[in-house]
Structure formats: structure tokens, C-alpha cells
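Below: the structure, in C-alpha cells.
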Amino acid sequence: MANISIGSLDFPKVSEQPVEIVERKGTGHPDTICDALGEELSIALSELYIKECGAIMHHNVDKALLIGGIADPQFGGGTIISPIEIYLTGRAINELNGKRLPVEELAIETAHKWLSENIPNLDISNHVIIHPQLKPGSKDLVELFERFQLKGEIPLANDTSFGTGYAPFDDIETIVYELERALNNKEFKKDHPYVGEDIKIMGVRNGENIRITIAMAFVDKYVKDLNDYKEKKEIVENYAYSIAQRLTEKHVDIFLNTADDEENGSVYITVTGTSAEAGDDGEIGRGNRVNGLITPYRPMSLEAAAGKNPVSHIGKIYNTAAMDMAERIVSEVEEVDEAYVYLVSQIGKPITEPQVCDVKLRTNKDIKGIEEKVRKIAQEEIDNLPQTWKKFLNRHFRLY
Amino acid sequence: MANISIGSLDFPKVSEQPVEIVERKGTGHPDTICDALGEELSIALSELYIKECGAIMHHNVDKALLIGGIADPQFGGGTIISPIEIYLTGRAINELNGKRLPVEELAIETAHKWLSENIPNLDISNHVIIHPQLKPGSKDLVELFERFQLKGEIPLANDTSFGTGYAPFDDIETIVYELERALNNKEFKKDHPYVGEDIKIMGVRNGENIRITIAMAFVDKYVKDLNDYKEKKEIVENYAYSIAQRLTEKHVDIFLNTADDEENGSVYITVTGTSAEAGDDGEIGRGNRVNGLITPYRPMSLEAAAGKNPVSHIGKIYNTAAMDMAERIVSEVEEVDEAYVYLVSQIGKPITEPQVCDVKLRTNKDIKGIEEKVRKIAQEEIDNLPQTWKKFLNRHFRLY
Amino acid sequence: MANISIGSLDFPKVSEQPVEIVERKGTGHPDTICDALGEELSIALSELYIKECGAIMHHNVDKALLIGGIADPQFGGGTIISPIEIYLTGRAINELNGKRLPVEELAIETAHKWLSENIPNLDISNHVIIHPQLKPGSKDLVELFERFQLKGEIPLANDTSFGTGYAPFDDIETIVYELERALNNKEFKKDHPYVGEDIKIMGVRNGENIRITIAMAFVDKYVKDLNDYKEKKEIVENYAYSIAQRLTEKHVDIFLNTADDEENGSVYITVTGTSAEAGDDGEIGRGNRVNGLITPYRPMSLEAAAGKNPVSHIGKIYNTAAMDMAERIVSEVEEVDEAYVYLVSQIGKPITEPQVCDVKLRTNKDIKGIEEKVRKIAQEEIDNLPQTWKKFLNRHFRLY
Amino acid sequence: MANISIGSLDFPKVSEQPVEIVERKGTGHPDTICDALGEELSIALSELYIKECGAIMHHNVDKALLIGGIADPQFGGGTIISPIEIYLTGRAINELNGKRLPVEELAIETAHKWLSENIPNLDISNHVIIHPQLKPGSKDLVELFERFQLKGEIPLANDTSFGTGYAPFDDIETIVYELERALNNKEFKKDHPYVGEDIKIMGVRNGENIRITIAMAFVDKYVKDLNDYKEKKEIVENYAYSIAQRLTEKHVDIFLNTADDEENGSVYITVTGTSAEAGDDGEIGRGNRVNGLITPYRPMSLEAAAGKNPVSHIGKIYNTAAMDMAERIVSEVEEVDEAYVYLVSQIGKPITEPQVCDVKLRTNKDIKGIEEKVRKIAQEEIDNLPQTWKKFLNRHFRLY
């Protein structure tokens, strides 16, 4: 039995505190691109290893660096001057039984695939250079992973680390998340192709007022001139408002591209839909947490989930597990209004034996009465940790 | 007058909650190295700009990537097989009045200087390659910075972002921070040269028990053999224990290099004192917050402070300001036991006009009675934000 | 009047000497790829500069490095493990009147265009990484080039250097050149898609025997198995023989892929048609001279023509001019059987004022009688040197 | 018995023809630096392999690229703005019996060693970045090299290729070679520290007049001002003249830094002694042939000797062998005034069985009478080819 501690949340709901801050970096943000490419590479490597040897082998590709390019955006369509460069680095077994595995090629192809599907105005051949810098890593780990994956042994925690999660989202969290998803929805873009993918949303609640600041890259070739830009900006603002006000009873204001200097014609247009084309750099792990948001008023782990191996890397699997555990508790235990979960590993011990599983509940019932149900869910989720890797292969997270 | 909200901390002290987690990545950790090189470069650029034109010019070098090398450590002294590579990227004005400024050379020399002073067993000529990848960035910003710095205008927030801080450290926070500082103390190393700089400390408190897990790279040439390693490990454990137990009344256990497999001779030795030599990668912004710790039970910003321009970058200055504000409140207002501060900017507005300055206090007095004192401190700190850059030039933070 | 020296060739024809060696590196050879990408970039830059400012501006992109990839070719179709990397370096003006010119993007797009047209089995998005490393070079040269190109001044020699040429080709030279052209002919490949582009031909004549050694990369997906390989090898050998024997009365032997170890199944197949996929590196200037051949029994310049600016770079224009001068002399002056030309520049002097123009003729007539005609041609070619750049824009050379 | 063809040189001596051109690129020329670093790496690898396994293993590091930096030279001492970058690429076995060999580190350390000894004003830590890009190459070749080196089998030619040599140097060749050696002599520099290492000498003989054009980088910190520059230039010109006129009876003129524009203060000064600091790029194989010169009026191979494996790479060993053979014939066979040698290999055949060894002699005696002596020398040199690698380890060449 795991060391599960169950207690109560003793402070007012964040949504009832005077101030709250929530952020989401959308699909085309340089940090989100890095997260996506790291995680997609981990998924592709996992699938390659399963195909070639029946099991996910050691890898850890959780460091990436995007170096912004140089661009000359223009109404009606500008040009790229100098390409974006992306370094994808880490460890990945590249040889099995004397056979060399194409891990570098996989990194390039996977990156190109994700970019062409998700940043459609980026010319993947000419506007971006992918640098895979993968080293094989320790050979000891091959055997270890074979034991975990082929013989069914429970993986050992690779580190002393932790994960955190909570549920449910409150109003402003829902608004920030859903707004980005709506603006980056492919159906919406069919009619609004000028909406670029680099959309960063910052929500600040001050008492009953929610202020949503959106920085959104327009795609220059779909914007004729400054007037057209202003009109399209209004369309997007209205659309965003219509979505946001449906999700809360609080007052909402929408601010779009507030750094624009319209008088001098200096507005936020791009050739490709992402600011990465012109100087904004990015890294893995600097953007959204696994629940899709950045929430300084909530517990957060600094661990980058993206790119880590999904079998034994605590920084990855404990965060997802904590999120899932909190969501199940809230959804399955009627009496619980809110749950926070903290999971701490012990390096070298089975991942199913955390040092601590700290569950905190908000309920107006007696905790004693629901403790058993909660403990059961927590234990199930812990027991299920060796299967967490399957969730990642199905992209069960909201990182990008 | 800034929008300052003052309220109370409504939940039990973190130190009295059942579980608490605190981490610090020491000087030689790959993420800390990246933070240090980014921030040292920002300082060097600031000094260059002040010298060449009397004012700090625009720069933002807050993205860095360290790609680990390949090493063959051996008792008595091993060899480096393949060097560490470090990419230092971002924007920095490189031309003033037609004169080209040596920003790339500065990046190389600054990095070499910090590394040689702080990772003394790393041969900076042969074991590490520094790749400066700096682009000039927008020329509009030159004029803007001249206004801020030469004409005394108040800098405008470069982003909608936020910073958080709290004070004071509790027992486990103090232990984790002080332990790393003690083990990386240069005096201590004179007698214990086998202590490498890559020291990662994870503290977990479970009720009254504090468990400190230390991963510390030994320097191979100062360790004769496995027995010598075991003896030196015991020395370090005892030393760490003697420090930790002085800082708390709780029970403390020290665990050093628990991943060692001593039977098979697989222990944590390195040629250079850092795991970066053999495959551990790093990035800016993945390590300590400005207060020197990673604290999932406390409010944290994900923003990397290291490398950002110290004049107008909210992600840098609001975090330090929030930390300083909390520390001043606790130190100057006797009645306050604990303070949390959140600062939120408005893009394009003066940095002295945050959207919100949210101060939360723990006190057993009536808040009304102390509100005025607190507000005064908060307002002073906000008024003083245009001078925050001087703190950074004096390395007023505990990042590395 | 230029300093033109006209003399006679005093030694037996190379084709009548006992031994002769001639080589050509075909389209897909790593050195030829480098030459092609450097020269195509020079052409693209020239066209960009003409479009943007009416004149070819300074550039010199005559250094390139191809770092071979890693491949796993297989009968029926193999895979690429790790991509080819190509560094394109040099100087190119990248700003005109405050407008940034897209020279890096041009390098990438031009390279991709040439590769996709000429190495069709190479997937340009995923199998090759182009690294443009262009620096702006001296701004003094902008004005200089404007004078040359806009005001019609005669360009000044950029260096003390020389060029050489001769005409006509003898039998073995013709065979080596024509064979590569035939095997890389696109019509021929429609029926023989298994013929890769990396074709290196070495001809050695020993008295009356010509021995042609061909190293030719097969494209794996068009070769079923070892037997199929052997059959196709025979087809190519026969085809090569049929071409070669028509071009000479001497005895010819064809040797194709003599390094094959057919018994052990180790034969020359590739995924992409070029050995660059698997470890063969390349550089500009290490392959064919401007006449299309490498001829140690003939005068040769070591200067790489590819990538140099076509306006004033002696290493480029004097070699082409010497080749053209020799070809015109042989073609227009009936009495001349063979001509060798050497042109030497003086740095800083107009390119139309060589230090020396040394013309050597083979004729059985008295040189006095034809000297005037030859001198006239030589002078015309020298006078025409300021127009040589147009020849390069029309790819008037046989480098690749 | 090898296929040795012995004939006569049927044309006038080059030194008696009307025009002659000879060039040498000195120690600090970007191409020479590349040659030196490639060859020094080959020597270091050979020594490593001999130490680790008793035999030289396969390697081929004959491609390198130097990308020039950016500098701001000033009388009295300027600064480096952006470093030189050097890519050292090729194949080198990096693992033996499961032990990883430090080939990348060796590349870095060897390069730094050569540079610090030969370009003393270059700060190797901060002014130059060495990028080793070595791939392991085929494992089949390990066994092959073991057979050559451990079991004493005769190496097989790796390619169909050739080498050429001649002897002796004539006047202008001697002058060009000796002048560079004298100006780069370390004793000379003790008194003349302003003489940089980047010295390119071009000699053009026009009848009885020899014109020596020297481009020589001055080291800025040893030159006070323009007047001092002019004085030192005169010293060097006089010194060069004094050397040159002793080596010939022809008329000699010396021209030093003719591209200087002294009126506008634009003269050839550098911070480091090499033009590589400011934009001049370099490659292996674009400079001197193994005899130390570039001689378009003499037979030349385009093969880069530098960096190739010294055991079986024809492009390396046949050139040195041809040079040595010619020099021995001229020195040991009194009747021979001049000798040219061409050696052609057959891929896959022992290196001691060239397709052709073509020896051409200038003598006023009957060739019949001396043919036997010449053949004996040629055969000895051919028989000795398997030992040629020892010459390279002793730097028996004049490349740099």
C-alpha cells in the first residue's frame, strides 16, 4: 500500500480570492513548438522501439531550443529572410543488436510532420532547420528497459522528483484554455485563415472582473492593409468575447494585440503565423504544464513533461498521474468540490511506491466519510502507473 | 498610486501542512550552468552598453541550451571523450553609431570566465564549446532604451506577465539552500577537493521527518578507489547532517548518491565535477527561481529571470521585486509572520503601474492595523522598480 | 594593349605521350554537389542583386562543406539514418539602403531547388540540412561594385592570381566527359532509374589502351536483388562501352564498380543515388575544373571557380576566359591544332590588364604567319572580360 | 615488378619558357590552417591508434572548413568581435573492443596545440571555435587495417587515383618557398613580432624578370601608427629582397601588400596575424601541394594530402612517393637534370602495384644508359610504399 495522505484544503477557493492569474501559450508559440516537437519525438521513438524490439527503450529528449529567424512581414504577404533553427537534443538508444536505428531521421521527419500539420503557413523545407543532436546514452539502460517492458517488472523511479495536479478548472482557467483552442480550431480557420497559430492568452481576474489579454499573430498574406487588419481584429475580439462570456458570469474584457501601434502601422503580422520567424526563441518546459495552463495560484511542477521517457521518468508520469487522480476524485466522488494532488518519488524504488501521495480535498462533508473512496481511486491510479506510457502515446495531455 | 490589494493568508503554514517538497540545483547542475551563463552575459552586456553609450541597451539572452558531452571517468582521473556544447542565444544590439560591438566575443569570454571560476576541473579550452547565437533584434528598441536610461523615463512593461515572492524561508527551505551553499563553499573544497559542483538537493518533509536526498558529483582524480569513495561519501554525509540538524528541530535524514550501485562499482564520479560532461543536458529557466529554490507548495513563476534585460522585462524584475517586497514586509513589520506577493504587469504601461499588486499576510493581529505600513513598503518597492537593474548588476538573487 | 605572349608548344601532344590520366566527378559526387550549390548560389545572388539594385553586388561564396550522412541501403529500398549536412559559407552583402536581403533563405531555397532537380531520389526536406553561414563582408565593396556595374568602370582584379585553359579535348578527355554526361542524362534515366547521380570516372591511357574505371552509385529501390544488380551492371557497362568506342580508335576497357565484393553481397547501392548519404564528405573546389575535367597532364589552376563573384574574381573569370580563348583560337584559326592559355592578373589593376597573357600554340605552320589572328582573338577576349559575368549567369562552364 | 615507364621530357625547361607562375600559401593562410589541422589530426589519430591497438586504424579527416570571424584591428591593438569557426570532419574509428576513444577531444586538443604554437597572437580559448564532426566510418575497415598493420599485408589502394612529383625546384620556386619560410621563421619574428603568419606569396616570371607579390598580415599591437607601418613594410621588403636576390641571377622585384590604400589608412593589419579573423574562409586541399607550392606550369594533383589516412590512401601516399622518387632520381643519378613522376593506382590492388609509374627525365645523355639506375630507384620507392606512413608521422612534407 502506498503512503497516501488525505487531508482538507484549508484556504478559500482560488476563484474566490481577490486576484487570480492564468496563462496559456498556444500551438504556435515558440515554447509550445519546442514542447510539441520534443513530445512528438518521444512518441515516435516509443513507437519505433516497440516495432523494432517490442518495448519502449530508454530515451529522454526533453531539451530543445528554438532560435528565431528573421522575417519581413508585409500586408498581402512578406518574406522570410533567415530561417528558424531548432535543436532537438537528448538521449536515445540508436542501436539494437547491431542494427543502427534512424533516430536522427525520425527527429527530422517527426518535426516536419507536426509543423506542417500545425503551422500550415510555415514552409517546412525552407523556413526551418531541424538539428537533431541525439546521443545514445548509457547502454546499462537497455537491459533495464527490457526488464520493465518485456518482463513486466515495475519501472524504478529515475529520480527523486514530484508531480502535482488539481481539478476542476475554475472560470478563468476554462476561459483561457478554451479560447486558445477555439482560435486555433481548424474549422474556424477555414473562414479565418488570417488567424496565426501563435496565440498567447493571459487572464487576470481582479475580484469580479476578468481581463483577457490575447497576443495573436496575424498571417500577413490574408490581410490586405491596415484597415483590413483593424476589421479582422474586431472580428476576433468579438468572437473571443462571445466565447468567454458564455463560460462565466463574471464581467469579461478582451484585449487583442495591445502592443500594436496602429498609427505607425506597427502591428502584429507575420509571414508564417508564429513569432518564431522573427526573433522569439523558445525552449522545452517553459510553457504550459500538462493540464494545459500556467497557474501561479495553483501548485505547479517545474518539470518539463515533454520529451521525457514515458516509462520511468517521474517528472513526466507523476504530473499526469496527479492530474488524472484529481480529475477522477472530483468526478467520481460527488462530495468533493475540488482536489489537489502531490506525488513524490523515491529514486530507485518502484514508481508504484511514492514517498508520498498527498491528496487534499475541498468538501463540505466530513472527510472521514469519503476518505475510503478517495483512497481507493488514489491507489488504483498508483497501481496503474506502469501503464501511464500508453496515455502519452495517445497524447493524453493538454500541453500543445 | 498602484493598485495594491492587501489580504490575509487563509491557510495553514506550509511548514505545518503534512507534506512539503523543496529542491535546489547547485552551481554545477546543467540547468544552473545555463542560468549562470545567461545572466552573466546579460550583466556583461549591460556593462558594455553602459561603457559604450552610457545606458543599458536592449538585449534578451534568456534562452540557452547545454548539450552534454561524453566522458570516461575513472578513479584517480579519467578522460573527456567528447566536449560539452553550450548554445547561448537571444537578442543583443550589436552596433551603435556604426560601431560593431563584440557581443559574440563577450559571450564566449564571459562564459569561459564563469566556468573557470566556478567549475575549476573543467578545462575551458578543450572540454566545452561555447556557441554564441545572438541576433541584433529590433532597432526600434534602441531609441526606447535610450529614453528609459538616458532621459530617465519610466520603462514600459514589455509583456503582460507576473512575478511572485514570499518570505521567510521555513526550516526545510533553509536547509536545502544552505546545504548546497556549504558543499559548494570554496573554503570547504580546499580540504575536500573531491566534492564536485554538480549538487542537486531534494528535501521532502513528511510530518516531522525531513528527508534530504543529495546527488553530488565526485571529482574522480581526487578519489583513489571504491573504498576511498565510500569513506569520502561518509565524510560528506556527516558534514551535511551536522549542518542540517543545526537548522531545524525536526528529525533529519541525509541520503547521498542513492543511485550508486557500489557492488558493481557504478558510482557517481566525474572528470570535471559536473554531470554535463556525460550526457545531462540543460536549459535556462529549468532550475532555481530567483530566491534560490524550487518550491511546488509555494507560488512560483515559470519565467526564467536569467538572461533577460534588467530594465523592462517583467518576467525578471517583478519576480525579484516581489521577493524583496515580501522580505522587507516580514523584516520591517513585526506583526507579520509571513508574506506572499504577486505582481502583474500591463503590457505597454510603465512598470511602476502594475495591473495588480496582491499582498497576502499571515499575522495574528488585525490586518487593518498594519495595512498602512505594508502598503507603504509595497509602494516604495514599486516606485523603485526603475532602479531594479542595479540589483541585477550586483547579482542580487540566489539563482546560482 | 595587353601583354600578350605568343609561343609554340614544344612537347609532344599529351595524347601521344605514353601515359595520360583524366578524371571527372559527376553530378552526384559530394565535391560536385558542393561546387553546384556554391555556383548556383552565386548566380541566385547575382540575380537578386540585379533585381534589387540594378547591379551585381559583392559576394564570394566559394567555400562549402558537405558532411556525409548515415544510410542503410537495401535491395528494394533502404532508409536514411542520419541526414547529410551542407555548410554554405562566404560573404554576401545582405543589406541595401536599409533593406535586409534574404540571402540565407536564398541559399536554402537555391540548394533545395538544385538538389531536387539533380538528385531526384534525395528527399530534400528530410535527408539534407542546409546551413547557410553568410557574413556581410566589407561595406567598402558596395561602392566599388556599384562603380563597376552601374557606371561601367572596368573591374579591378581582386587578387594576384591566374587562370589556364586549353583546347581541344583529346580522345580520352572526350570519353571521360561524354560518358558521365550520357550516364547522367535524364532521358537515359527514364529507362534506367537505378542509375544514381554519383558517377566518378577515371580514365587512364597506357599507350594505345584506354582503361575507364567508373564508380557509379545504384539506387537501391530500383534493384531487386544481387542478381538484378549484376544484370544492371552489365547493361551499364555495355552502354558505356558502346559510347566510348565510338569516340576513339584506341582500345577501350570499361570497369564498373570494381570495389564490389559481390560474393559477400557488398556492392555499391545507395538510397539516394549519392555516396554523400553514407559518409563521403565534399568541398567546393576539389572537383572538376571549369572545362569539366581533372587533367594532371594539362595545366590546371587550383582555384575553385564555383561560388566566386563573377565580376572581379580572377580565380573565376580568368579560368573561363583562358578556356574560351583557347577554344576560339583552335576553332577560328585553322592552322592551330592545339592551344594552351595562361592568364595572370595584377591585384588592383583593371581585369583587362593582365600581367601576362601567355598563349602557346601547336601548329605545323610558321607561328609568325598566324600570330596576328591569334593576338586579335586574345585581345578581344581580354577586352570582353568585363562581360564575363553574363557567361556565368548562363552557366557557361562544365563544372557540374 | 611494377609497370614502370621511363621516357624523356621533350619540352623546354619551365624555367626557360617565357612565363612561369608559382605560389605558396604560408602558415597562417586560412587554407593552410585547414591543411595543418587536418594533417595534425591524422598524425594524432595514428599515434592514438598505435598506442591503443598497435596499429594505425582507418581514418580520413581530409575535409575541413574554416569560417572567418569578424575583427576590428587597430594600430596599437584592436579587438576580435566574432570568433573564427573551424569544422574538422571525416571518418575515424572511435571504438575499439568496446572502449570509446576520445577522437573528438583529440581533434580539439590537437587543433589548439597547433594553433597556439603557430599562430601565437590567436587566443585559442576565445578567438576560435573548433567543431569536430567525426563519424566512425565502416567497421569492415577495422579488420582490413589490422591486416595491413599488424599482419604486415600490403595495403590495398582505396581508390583509382594518382600522384605526381618533380625535382628539382627552379629559381622562382626556390624563392617563393624560401621567402615564406624566412618570414615565418620564429627566430626572425623575435625581432620582428609585427610579422603575422598569414603570408601568401605569388611569383610571376616574365622572361628574366621575377616579380614577387607578398600579401602579409601585420599584427596590429606591434605597429604604432601608419608611419610605423610604412617603416616596417620597408624593413620587410628589404629583407625579402635580400633573400630573393641571393637565390637567383635574374632580376627580382618585391611587392608587399600592394592592395594597401595608405592614403586612406586602409592597410593590412590584423589582431591575430591571420586574415581568418575577418572574413577569409578556408578549406583543406585548396592550398600548397605536398612539395610546398602551387605550380600551374608543373604537373599537379588536385588531391588533398592533408588528413587522409597514411596507410592506404593513394591521394596521399602516391603524391609524396612521386615527389620523393623524383628527388632521389635527380640527386642520385648525376646525368639527370630534371625528373617528373606520375603514379596511378588500381583500386583494390596492393599499393605496390600501380597501374602505371611514368617517369620522365631531362638529360643530355642517352636514356638507355641510365634507365637501369632510374628503374632501380623507382622500384625501391614502390617497394617501400607500405612504409610511407612513417614519413607522414615525421611530417615529411612541406604542406604547412
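Chains here go by letter, A, B, C and D, matching the order in which they are written, and residues are numbered from 1 within each.
Quick note on the criterion: a residue touches a chain if its C-beta (ideal position, glycine included) is under 8 Å from a C-beta of that chain, and two chains touch if they have at least 3 such contacts.
Everything quoted here is computed from the prediction, not taken from an experiment.
Student: Would you mind checking the shortest number of contact hops between chain A and chain D?
Tutor: Counted as steps through touching chains, the separation is 2.
Student: Measuring centre to centre with C-alpha atoms, which chain is farthest from chain D?
Tutor: A
Student: Tally the contacting C-beta pairs at the C-D interface and at the A-C interface, and name the larger one.
Tutor: Looking at contacts between chains, C-D has the larger number.
Student: Where the CA atoms of chain A average out and where those of chain C average out, how many Å apart are those spots?
Tutor: Using C-alpha averages as centres, the distance is 51 Å.
Student: What is the distance in Å between the mean C-alpha positions of chain C and chain D?
Tutor: 24
Student: If you look at chain C, which of its residues touch at least two other chains?
Tutor: In chain C, the residues touching two or more other chains are 70.
Student: Every pair of chains that touch: which are they?
Tutor: A-B, A-C, B-D, C-D
Student: In the complex, go through chain A and note every residue touching chain B.
Tutor: 3, 5, 7, 9-12, 17-19, 21, 62-65, 67-68, 70, 85, 87, 89-91, 133, 135, 137-138, 140, 160-162, 164, 202, 204, 206, 211, 213, 215, 258-259, 266, 279, 281-287, 294, 296-297, 299-302, 304, 342, 344, 347-348, 355-356, 358
Student: Quick one: which bits of chain A touch chain C in the complex? Just the residue numbers, please.
Tutor: Going by the criterion above, the answer is residues 70, 72, 79-83, 100-105, 108-109, 112, 124-127, 129-132.
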